[in-house]
Every structure is written in structure tokens, then in C-alpha cells.
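Each structure below appears as C-alpha cells.
Below, chain A partners chain B and then partners chain C, in two separate complexes.
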Partner chain A sequence: MVKCLLLQQIINGLSLGSVYALIAVGFALVFSILKFSNFSHGSVIMLSAYLGLWFSNNFNVGLLPTLLVCILGGGTLAVIIEKIGFKPIRDKEGPLIYLFVVSIAISMFLQYLMTALLGGRFFIYKPLLKTSAWRVAGLTIPVVNLAMLGASVIALAILLYVLYRTTIGIAIRAASTDLFTPNLLGINIDLVVSVTFFISGALAGISGLFLGMSLNVYPQLGGLVMKAFIATVIGGLGSLGGAVIASFMLGLLETMITAYIGGAVTPMVSFAVMILFLLFKPEGVAGLLGLSSGTTTQKL
Partner chain B sequence: MKNEQGTILHVDNVTMRFGGVVAVNGANIRLRRGRLAGIIGPNGAGKTTMFNLISGVYTPVEGEIRFKDQAITGKSPDEITHLGISRTFQNIRLFEGLNVYDNVKMAASCRSEYSFLEAILGLPKVWKLEREVASEVEYYLDLVGLSGYEKVWPENLAYGLQRKLEIARALASKPELLLLDEPAAGLNPTEVQELMEIIRHIHKELDITILLIEHHMDMVMSICEELWVMNFGAVIANGDPESVQQDPEVLKAYLGS
Partner chain C sequence: MSSYLTSVLIFTGINLIAVLGMFLLMGLTGLLSFGQVGFMAIGAYAAALGYTKFGLPFGIGLLIGIVISLLVGLVIGTVTLKLKNDYFALATYGFSEVIKNVLIYFSSFTGGSMGVFGIPASVTLPLVAVIFLVGLVITRNFKVTKLGRNSLAIRNDELAAQVMGINVFKHKLSVFLLSAVFGSVAGSLLAFATYYIEPNLFDWNRSISLIVIVFFGGINSLTGAVTAGLALTLLPEVLHFGAEWRMVIYTFIIIVTMIFRPTGLFGRWEISGRQMMDWFRNRGQRSAARGRG
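Here is the complex of A and B:
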């Protein structure tokens, strides 16, 4: 029984970690080319959760069509935020801190906008999956957790393919060294930035849907971007591989602590780990594993 | 202004100011197609600023730049690259997250015309273009003597090889005009000799126009067919290396008398 419970927690921890990984990778992608922590990423998650809810309720469709809408919606939203909020600052070559502050302001604005429009209450997805839980050998595994894990792994695999095998992916990686040189080699930087935001938003859209399904939808849902922030710091800022590994570690750690010690302690431990990494291993998991070449390891 | 036969680049009365500093002052350059030419001048003469103006990093405050009889003043760097100008940098700027192969591929595939969606779906058209790009990358790496280094990270290459990689990368966008900003800076005498051979070879083999900025006078005098001398932002002399060497203005600029 104890073993079963542990196994169940591990599966839950991995699926939580996989959503953190989706958010963290989107967050780290933008960081790697524009060098700022984009907190408006949280509002893309939150709005995608509302979008998915509205779409699945109104059109009475299942998981896959809703997922597709969330991917496209999240990506589009992130591009719109970039064009309105960040591009004008980039064009004027404003300091990075402006981008950072604007991203926080946008996230706050959208959170309060949704509160004003729909109130602070929780909205609940109608069941998008036929079964809610699988019972196997004494284990109870929520199917949404498995779907979350599966979708995240597939999304990350596609991302890896795009970044390493396609022209636009190589351009994104080139742009993480600096934006000036690729431009002089014939690359349209605005296009690279837009595609990066689209990918980042699409990943946020996937996580928004699954977070909405498992935690319900409310204006503060985007606050979970903080977990991704912790994961990117622990992973080593700017390193995608590090962010993914750190996300799974964080998911497991949080699930274990919640199960065996108590939920009240969990966030405290997560932040404590982040502080310890910054103090003693600022290059993060990526630095520990020697993952740094591949993406930039520029510091904040 | 009337076009002279075979002129690939016109720089007409171009001026660039940064605040109160005049970096380039009413400069004129007429570069003939197929030339291997150079810009020389003391430090701070405005040579790199001239390259930055031609490649679209800056827009001149006065004057006009035309490439193949088309005004390029005010165009963005990527548009200018697509028209056929590419360059290297005084301080090497390679992509550290990409290996040698991908550094060159980056520039080569800018011309590949397929969309993001097509690339993700892996359509046959994409594969065909990718194969073409692959053979081009190998060709340019071979041209500068970097075959066999494909998988190496650029930061692990010796300095001289990084310079060569930058040239291969610039060539991969298939320029008609190649701008080399101090290609021999930081190289030892043997490497400078080798570089001269490579530049001559590229010039002949690819039949392109090359404009370079250089401080190594031996190199400039032996490979360039035509020179422009800049001082305090102005072009003070133009001609073949021999005549430029004897120009009183040039002697004054260099000897400071």
C-alpha cells in the first residue's frame, strides 16, 4: 500500500513536472533571445484556459479540438502581446528592465481585466475525457495527468525537432547569441522573434488547457508561471535542457512534499531551493550537467 | 546621377553623425563590379562606419547609397543581404550555440523559400532544398579550408579558423559584394599569407566583388587592385595602391606631419 502510494505520487509528480516543463521552456525560449523574464507568459496560460473552456462548452467538442484551439490561441496571443508591449521598446532599443516591467504590468492588467469581466470565481471544464481515473493494481491515476504528461512530452519532442532540424529553429538558436549578427546575415529578426513568441505561447496554451482542466479556471491561474520561473533559474537561465530537467525535479519534489509533509510547506521549499541554487550554483542544473553549449548561459 | 558602366556600388556624398561627432563626412565611393578593393586609413577614420552604412546597420543622415543601381539607403540589414551584400566583422561574431556547420547553414538557408509550417511537416520540397543547402555548406567550408570541422563549436576553434569561418558564413548567403572588416586582425604572418591566398582564390573562383578594410599594409598593397583612403570621416585619396602610396595627403594622414 505504501509502495503503491509512492508510485502514484511519482506519476503525479511527473505529470505536474511536465506541465511546469512546458511553461518553463516557453519562458526560457523568450529569455534566450530577448534576455528578459517574460511574466506576461502567465496571462497567456490563464487566457488560454478561459479560451479552451469557452470553446469546449460552446461547441461541445472533446479534448483534441480544444487542445488545437488552445495551441493556436495561445500562440497568437503571445505574438499580439509582443507586438503591442515589447516591439515598440525593442525598436527604440530601450533597456531590458523596461521589457521586464512591461511584462509584469501586462500580466497584472490581464488578470484584473478577467476579474472585472467574469468575476473572481472558478469556472469548471465539463469532462473532456471519457474516464476520469484509471485504477490499475491498487493505483488510482487521474487520466488528465496522463494526458498532460503525454501531450507535454510530444510537444517538447516537436520543439526539439524544430529547434535543431529546421531553418527557423537554427535561426532562433543563432538569435540567442545576439540579434544584430543574424540580421546582417539576412535574417528577418522580427520574424524570428514572432515565431519564438508563437511557439512559447503555443506551449503556454497547452499548459493552460491542462491546468484549467485539473485546477479549474480563475484569473490568478497565470500565477503558476512563477513555478516556471523557479524551474528556469534552477535549470540555469536560458538553457532549455536545464529548464526541462529542473521542471520535472520541481514537480516531483512538490508532489512528494505535499503528500508526505503538507501543502503549506511546498512553495516555501521550492523558493528555498531556488535561492540555494542562485547562491551556490547560479549556472543551475545545466551548469552541473555541462549542458550549456546549445543555448546561451547569459546571466540576468 | 548617371550610372557608370559596371559600377556595383555607389556611395554618394554620404555623411553620418553620432551626436556631435562626424564619423563619415561627405564620402564618395564608386566600386566597379568584380574589383578586389580596399579601404585604409588611421584608427577612427570612419572605415567601419562606412561598412555599417553600406550594410544597413546605420542610415546616413545625408547622401545616398546605391547597390546595382538600386537605392539601399534606409533598407534593413536583412533586406540588403538579400539584395546581395554580405559582410564579416572586426570583432568576430559567430553563433556560439551553433556548431561550425550550422553557423554556415544559417546564412545559406536564409534563401530557402519554404514556410514554417512546411518545415515542420517535413514536405519533400523542404528535403530537396535542405540537401542543396547541405552541399553548399560543404562547398564554402572547403573553400576556406574548414572541411572536417563541421561538428566543432566555434569557440573551440583557433582564432585564425574563426576568421575563416566568418568568411565562409558570409559567402553562404551568396553575395555579389563581400565586405571584409579587418579579416587579418589578430593573425600571425603565416596565417595572413594563407588568408591572402584564400581571398584571392574566392575572388577568382566565385567571381564576386570584394571590398575590405585592413591595417596590414603588405596585404592591402599586394592583393587590392584599388584603394580608398579615409581620414577624419572623409575620403582623401582613391586609386591603385602605387599611386595612393605616393599621395601627399595620404602621407600626411599617416605620418601626421
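Here is the complex of A and C:
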């Protein structure tokens, strides 16, 4: 029984980790190019969740069309946010901290706008999946999380293909080392940044749909990006592989602490771990595992 | 003066004291911190629990709050000030979240999420005004002396400042501690102005409001920070906005400011006695010239 409980906690931890991983990769992708923590990522997740809800309820469609709409919607939204909020500051060569402040302001703005317009209430997705959980030998495996894990793996595989096998991917990797030189070499940096934001937004759209399905839809849904931030830091600044590994570690750690010590100390431990990594191992998990740290140029 | 207006002015004054701390830290030294509300919480709970649990008068509670804030600030500052930009900001956010969770967790002493009741409303407008003026003089003197110039040097280029012989870490720590004292004092005053405090008074929204005010007024202008503080605290109160719309407007203001005028409304402009004298003298001369013509 005790073993069963532990196994269940590990499953819960891994499902939580898969949520964090999907958010963290989108977050780390923008970080690796523009070198700032983009907190508006959370509001893209939140708005995509509302978009998917509206679309699936109004047009009475299944999971796949809704997923497609969320991907396109999230990507477009992220590009719009980049053009309105970040591009003017980049053009004026303002300090990085301004981009960070604007990203927080945008995320708060959209969150409170949704609260003011729709109220703080929860909206519930109609069941898009046939079963909500599988019960195997006394264990409960939530199907939404399994779908999320599957979607994360597929999305990450496509992302790796784009980054390593296409021209735009090479441009993105070049931009992640240095924004200025590729520009001199004739790469359209604005286009590269827009594509990066689109990919990041598309990942946020996927996260938004699945988060909305498992946690319902409410204006503070994007707050989970804080966990993704912690995972990105622990993973090693801007390293995609590190972010994925750290997301699962964080998910497991949080589930174990909540189960065996208590929910109140969980946020403290997460932040403490992050600060310890920042102080003593800034290269993060990627550095510990010998993945070269810093940019997206390393393999998973 | 009506009691409503008095209480609005008291809260505005308290907010301005917290803004002064934020101006020192973020405006002058360039350290974006979400930790100020953590120190406000420490100040508020020290004063409130000092009174309700031990019967200590407000003044003693205020001092205890300052001492605890300094000690906590020393530990937190030593750990987090080594971090850069975003990481410092998020680490200080972690600090204020931890403070909030500690206050909720040790509920037998702090009252948990129920908060602390029965605090006498002994804070008066003159007291807030005097403390604010003292704070204003300290901040102004800080800005115009060597300390302020060191801060600006660190904000603009940390490496260059270090090369010029400024002990960057020590200076940052001093500013962090000074702003922690401002936060703590504002918190203590808040507790004795509201009768009742709870951990959620000291949340992320309050941090954001402080940051919005300093950026809106201009990170280089003390006049701007104080004016923005007055305007952004009084206006929503006068116009009776709900909490959600207030935050929508605040965040909208900061987005527009950062995009179109990143130096803030006031830029580098400061109000000063000499300028005003000059202005009046020139006006006198102009009207005299006009009289002759």
C-alpha cells in the first residue's frame, strides 16, 4: 500500500512536471534569444485557454480542431504582444529590465482585464476526452496529463527538428548567441524574433488548452509561469534540455513535499532551490549534466 | 476636514513613504525589487503583534519592526544582491511570498490568514505627514550627495562603478537596508491606520503599484515619484474605481509609459527652491519689461 502510494505520487509528480515542461520550453525559447524573462507568456496561456473554451463550446468540435485553434491563436497573440510591447523598447535599445517590467505589466493587464470583464469565476471545458482517468492496479492515471505529456513530447520533437534542420532554425540559433552579428550577415532579425515568439506562443497555446482542461479556466491561470521560470533557472538559463529535465524534477519535488511535509512549505522550498542554484550552480542542471549551457545550441 | 478625506490622506501618506523606499532602491540604484511588501508586512506585524500580544505602544512596535527588518534585510540582501536583474527581482518576490506564507503558517501567533484584530487607530495625519517629510529629506539628501551618485553609477554600469572604486555590493546592501526601513515604517503605520491586518494585504499587487508609481514619475526624479504617488493613490480613490479596474489602469499606464516615455513623466526634472525663485524673478522682470514697453 505504501509502495502504491509512493508510485501514485511519482505519477502525479511526472504529470505536474509535464505541465511545467511545456510552459518552461516556450519561456526558455524567448529567453535564449532576447535574454529576458518573458512573463507575458502566462497571459498567452490564459487567453489561449479562454479561446479554446469559446471555440470548443461554440462550434461543438473535438480535441484536435480546438488544439489547432489554440496553437494558431497563442502564436498570433505572442507575436502581437512582441510587436506592441517589446519591439519599441528593442528599437530604442532600452535596458533589458524594461522588457522584463513590460512583460509583467502586460501579463497583469490582461489578467485584470479578463477579471474585470468576465469576473473571477471558473469556466469548465466540456469533456473533450472520452475518459478522464485510467485506473490501473489501484493507481489513477489522469488522461489529460498523459495527453499533455504526449503533446509535450511531440511539440518538443517538432521544435528540435525546426531548430536543427531548417533555415529559420539555424537563424534562431544564431540569434541566440548574438543578435547583432546575424543582422550584419543579412538575417532579418525582426523576422527571427517574430518566429520565435510565434513558436513560444504556440507552445503556450497547447499548455493553455490542456491546463484549462485539467484545472478549468480562470484569469489567474497564467500564474503557473512562475513555476516555469523556476524550472528554467534550475535547468540552466535558456537551455531547452535543462528546462525539460528541471521541470520534471520540480514537479516530483513539489508533489513529494506536498504529500509528505505539507503544502505550505512547497513554494518556499522551490524558491530556495532556485536561489541555491543561482548562487552556486548558475549553469543549472544543464551544467551539472555536461550539456553546454546558455543557448539552444546544445542537444537535448 | 472630513474624516473620509483625512483617512484618504493618511493612506496616501503611508503609500508615499513606501514609494520613497522603492525610489531609492529601484529608481536610483536600479534594483527592481518585489520584496518591499515583505518588509511592510514585517513592520505591520511587529507593531500590531507588539500591541495585541505584549501591550507595547506604537513607537516601540515601530522600532522593533525596523530592527527585525534590518536583520532580515541583512540576510536576504547578502544572498540576493549577488544576483542580476530578473533573478534579483524574482528572488525578492520569493522572499515576500515566504514572509506571507510564514505569517499564514504560524497561525497560533500571527492569526494566520484571519489576520490580527483590535489594533487601535492611533495614527494621525500630522504624524504621517511628519514621518513622510523626514523620509523625503533623507531621500533628497541621499540623492544629491555622494551616496546618490554612487547609486547612479552602479545603475548605469556596475563594472565601471566597481573600477572607479565603489564597493558595489556594500553600497547595494546599504540601499537595500535603507529601503527596508522605509518599507517597515510604512507597514507599521498601515497597521495602526487600518485597525486590522492580514497577510494578503501585502501581496504582489501592492509591489506592482509601487513599481508603477516610480516608473510613471520617472526613475530619475524624486519630484516625479512623489507626484505620481499622490496622483495614482488619490485619483482611483476620488473616482471610486473597483480594485480590478484600478489594476487594469495601473498596468496600462506602465505599459504606455515604458513604450513611449521610458524615462517617466518627469524625466530628470526636480522641483527646487532656487528654480522657483528664478521663475518668480523672471516673471517680475518680464512684467516690468512689459510695463515699460
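In the analysis below, the second predicted complex is superposed on the first by the 293 of 300 C-alpha atoms of A that agree within 3 Å, B and C clash if a C-alpha of one lies under 4 Å from a C-alpha of the other, contacts with A are read in each partner's own complex, and residues count from 1 in each chain.
Note that in this section contacts are C-beta pairs under 8 Å (C-beta built on N, C-alpha and C of every residue); 3 or more make two chains touch, one makes a residue touch a chain.
If you're wondering where the values come from, they're calculated on a predicted model, not measured in any experiment.
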Open item on the list: Under the stated touch criterion, which partner chain does A:L118 make contact with: chain B (first), chain C (second), both, or neither?
Closed with: neither
Task: Which superposed partner A:F271 touches (first chain B, second chain C, both, neither) - done: second
Open item on the list: On the A-aligned overlay, A:S37 touches which partner chain: chain B = first, chain C = second, or both, or neither?
Closed with: second
- [ ] Could you tell me if A:A174 is touching chain B, chain C, both of them or neither one (first, second, both, neither)?
- [x] first
- [ ] Name the contact category of A:L64: first (chain B only), second (chain C only), both, or neither.
- [x] neither
Open item on the list: Contact-wise, after the overlay, does A:M108 reach chain B, chain C, both or neither (first, second, both, neither)?
Closed with: second
TODO: Between chain B and chain C, point out the one touching more chain A residues.
DONE: C
Open item on the list: Between chain B and chain C, whom does A:N188 touch in the aligned arrangement: first, second, both, or neither?
Closed with: first
TODO: Based on the superposed arrangement, let me know which partner A:V162 touches: chain B (first), chain C (second), both, or neither?
DONE: first
Open item on the list: Taking the stated contact definition, name every residue in chain A that is touched by chain B in one complex and by chain C in the other, in rising order.
Closed with: none
Open item on the list: So in the complex, the part of chain A that touches chain B is made up of which residues?
Closed with: 158, 161-162, 166-168, 170-171, 173-174, 176-178, 180-189, 195, 293-296
Task: chain A-facing residues of chain C, complex - done: 30, 32, 79-80, 82-83, 85-87, 89-91, 94, 97-98, 101, 104-105, 208, 211-212, 215, 242, 244-245, 247-248, 251-252, 254-255, 258-260, 262
TODO: Would you mind writing out the residues of chain A in touch with chain C in their complex?
DONE: 36-37, 84-85, 88-89, 92, 94, 96-98, 100-102, 104-106, 108-109, 112-113, 115-116, 229, 233, 264-265, 267-268, 271-272, 274-275, 278-279
TODO: Please give the residue numbers of chain B that touch chain A in the complex, ascending.
DONE: 55-57, 76-78, 81-82, 86-87, 89, 93-98, 102-103, 105-107, 109-112, 114, 116, 119-120, 153, 155, 169-170, 173
